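In the two assemblies presented below, chain A is common to both, partnered first by chain B and then by chain C.
And then the complex of A and B:
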């Protein structure tokens, strides 16, 4: 079975853009998981960076095959998510946000100053092992998984917590545990996308995972909305394609992402694709 | 050597304390983590830079005008962004997201306008003399920073403790609705708090700009990390804690840079933040303010 020539051309010309769509989609989902549980973590870019660096090191220094590297690259993000999440999730939501927003900048200064991870030069010559089908396969799996979870008892609990954490906990939902599960899932998704990005572009640098990408990832999810997992992915795709359409205005792109967040929170709290998932009936024919 | 490091640390810490004081005042009164705060820091530095470079003012005028300018910008931006959110259920997280988006837009717009380059104050703005005493060297800029921080902090404490305005601010911090019923104009008091906190950030920006003589749009962003560390270690909304934690952070950073590695000072600061979250989330000095779910 061979591809039509024109499709092959398109894939070749726009390969980086197409891969970015998948990777940014995964990042948007990693943001969605936390927001859907009523929490705000701003460490997605930092988790992505941890996945990228640890994945690249596992490939280049340990020589592991990619099918081991990919899950292995989730370890470091999850460890950091637990170190920050366990103490903060018992507290009010601002603590998690504050603790995670600084993480990206801190890790940047560490990458810059540790020679083992390349310092200011970053890591070069990472083998390009992330195939298009892997990126979109994972994106599809993650979207489907989150859709099914969203329709289940878990999803109902998450939505209850988002609307009113106090009432949810009075109904017997262990809010702190759900929050931690959401944060860990989010770290896994961000770590995977970082690992894929590193094995797609062959180069990673210390400045790619700081403040600006963290805010950009938030704008993906807020533009699309957090009522269902398709919305943040659509938001990510829109904001990834948008700069391609207006290449002349590179300075404005970042400002635009910021403005989108402001407008979305103030005027569009459900996002552009605001429909909420129908619930699957559970148990005794509810 | 150690004495010199300690002196440098305290001087740096004085600015951190000043910066964090405005941040914690904002949170303590308006219950908002205002991430545009870092922008007010950059704005103060740039206003002072413009006044000294293009108008030829001295530091004695440029510092207060930078602070006032940043305070006015804070009033304008805060009243544009925050009042709509005050009555939402998840007001804390919504205002965090709004101010986060706003601050990225502001930094990006400022960079597009003024360029990303590091700028410096005109040479000779502050005398180059330094005093030496028992082998410890103190520059004129450092003395200025210490005196200015001390004066500003004293003024704020006096304002909060001994004036009707301070009483009104404390009442709004305690319970905005009850304060309104007692005849306090809550909206106006909130604007005053925005102004005060913006002015503190602006003053901090001018002083840090003088200390390192390097000014660029994103300077507020790296400062915010210090702000987060100080308000968590000191306790959210606890101004006394912010002062102590700010001084401590300055000393720790200088010591880390001097004896470990200068590139790791952010990491050390962050490790302290996480350690405090694990052990004493209410802050080292404060009472519990975090609500348990």
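And then the complex of A and C:
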């Protein structure tokens, strides 16, 4: 079974872009999980960085095979999600956002100052082991999983919490537990995408996971919407393709992200894919 | 006694909202808490459901001390409530709101949910049937698929009751269920509360509509400035001079006498 030559050319030419679509889709989902449960985290880039660094080290220093590196790269993000989540989730509002911004900045200076992880130069020569099918396989699994979980008591609990946390707790929903569950899931997804990104681009550096990418990831979900898991992926794809269409104006990219967030909030409060998924797995009379 | 409190107290800076309340709610029947605005009725409900922590005192439910239990655990034990200012989950449909009320009774695992195993599907089907039955009971089954925020005011109150009822609580707390309802709706609501009590659920309600309270309640407790000043039958409350004259006020006392021909 051989590919037509033109398709092979397209894949070869745009391989990095295609991979970015998948990786950014996973990042958008990691943001979605937290927003859908009514929390605001700006730590997605930090979790991604933890996945990228720990994954790259597992490959380069420990010499583990990629099928072990991928799940292994989720450990550090999950540990940090628990470390941040347990003390802050009992509080409400912006505390988690502030704590996660802090996490990103702390980790950045750790990467910069620890020679074992490459210091300011970052890590070079990471083997390119992330295949297209892995990236899109994980994206497909994550999207389907979140869709199925969304149409169950878990999805209902999370949407209820987002709307009214106090009423939700009076309905028997353990709000703190679901918040933590969402944050840990989001750390896993971000960690996976970081590990895939590191094994796709062969280089990672300390400045790739700071505040700017955190805001970009937030804009994926805000632009796409949080009514269903396909929406944030659509937002990520839109914002990933957009700069490619304006290659001559690379400096405008960040400013444009900001403008798009403002426009989305003003004119598309529900996002590009604004439909809201149903929350029951069966219909009435079924 | 299904529910008792002893010395239940909630202090805010410079204010004692609930002050040493010893409440005893018997199993079964309809019980009311009345009192003027600011008497501490809603704070009392928030204390009973775990949304506010007591400064002092003990709450027992079904013989067990629940003072330290968080709100979601109390719901799991069978304490359900509605809110004075309706708190539906906006954006979710009527049916989904009721299904959310069933949360403590659902137990399918995450794995079973993702794989759509038979156990999950059976539980979900049964949940939808129970939710539909709760909507039927409160009379809004035909609105199941409507967005909850589109409902008329009275129907939103009914939806809140269905959401609280669906997990068959042992104790149902209704916070001013008749507020904002017209007389016909209030009569229908009283009928609904009687039907709920007839299924074995103990009802505790806070209400300002005295006709509603007196016609419905097996016992009435009177709060004033956070203190429980009287508990008894509606007849006893009506004829208690301290309550009627000093507390309910002369005007309402006259109105009650006119309504009930006493």
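The criterion applied here is as follows: the second predicted complex is superposed on the first by the 278 of 286 C-alpha atoms of A that agree within 3 Å, B and C clash if a C-alpha of one lies under 4 Å from a C-alpha of the other, contacts with A are read in each partner's own complex, and residues count from 1 in each chain.
Just so it is clear, contacts are C-beta pairs under 8 Å (C-beta built on N, C-alpha and C of every residue); 3 or more make two chains touch, one makes a residue touch a chain.
Note that the structure is a prediction, hence the values are computed from the model and not measured.
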What does the overlay on chain A give for chain B and chain C, a clash or a fit?
fit
Between chain B and chain C, as viewed from the CA centre of chain A after superposition, lies an angle in degrees, nearest 10, of 80
Chain A residues touched - chain C or chain B, whichever exceeds:
B
For A:94, decide between first (touching chain B), second (touching chain C), both and neither.
first
Touch check for A:145: first (chain B), second (chain C), both, or neither?
second
Given the touch rule stated above, what does A:276 touch, chain B (first), chain C (second), both, or neither?
second
Which partner does A:175 reach: the first (chain B), the second (chain C), both, or neither?
both
If you stack the two complexes on chain A, which partner ends up touching A:20: first (chain B), second (chain C), both, or neither?
neither
Taking the superposition as given, does A:164 touch the first partner, chain B, the second, chain C, both, or neither?
both
Using the touch definition from the top, say if A:254 reaches chain B (first), chain C (second), both or neither.
first
With the two structures laid over each other on chain A, which partner does A:156 touch: chain B (first), chain C (second), both, or neither?
second
Smallest Cα to Cα distance in angstrom from chain B to chain C after superposition equals 8
Can you pull the chain A residues that chain B and chain C both touch?
163-164, 166, 169, 175
For the complex, give me every residue of chain A touching chain B.
38-40, 42, 83-84, 86-88, 90-95, 97-99, 101-103, 105-106, 109-110, 112-113, 163-166, 169, 175-176, 211-212, 215, 218-219, 222, 251-252, 254-262, 264-266, 269
Which residues of chain B touch chain A in the complex?
33, 35, 81, 84-85, 89-90, 92-94, 96-98, 100-109, 111-112, 221-222, 224-225, 228-229, 231-232, 236, 261, 263-267, 269-270, 273-274, 277-278, 281, 290-293
Interface with chain C, chain A side, in the complex: residues 145, 148-149, 152-154, 156-157, 159-160, 163-164, 166-175, 276, 278-284, 286
Residues of chain C touching chain A in their complex?
49-51, 70-72, 75-76, 80-81, 83, 87-93, 95-96, 99-104, 106, 108, 110, 113-114, 116, 120-121, 124-125, 127-128, 132, 144, 163, 167
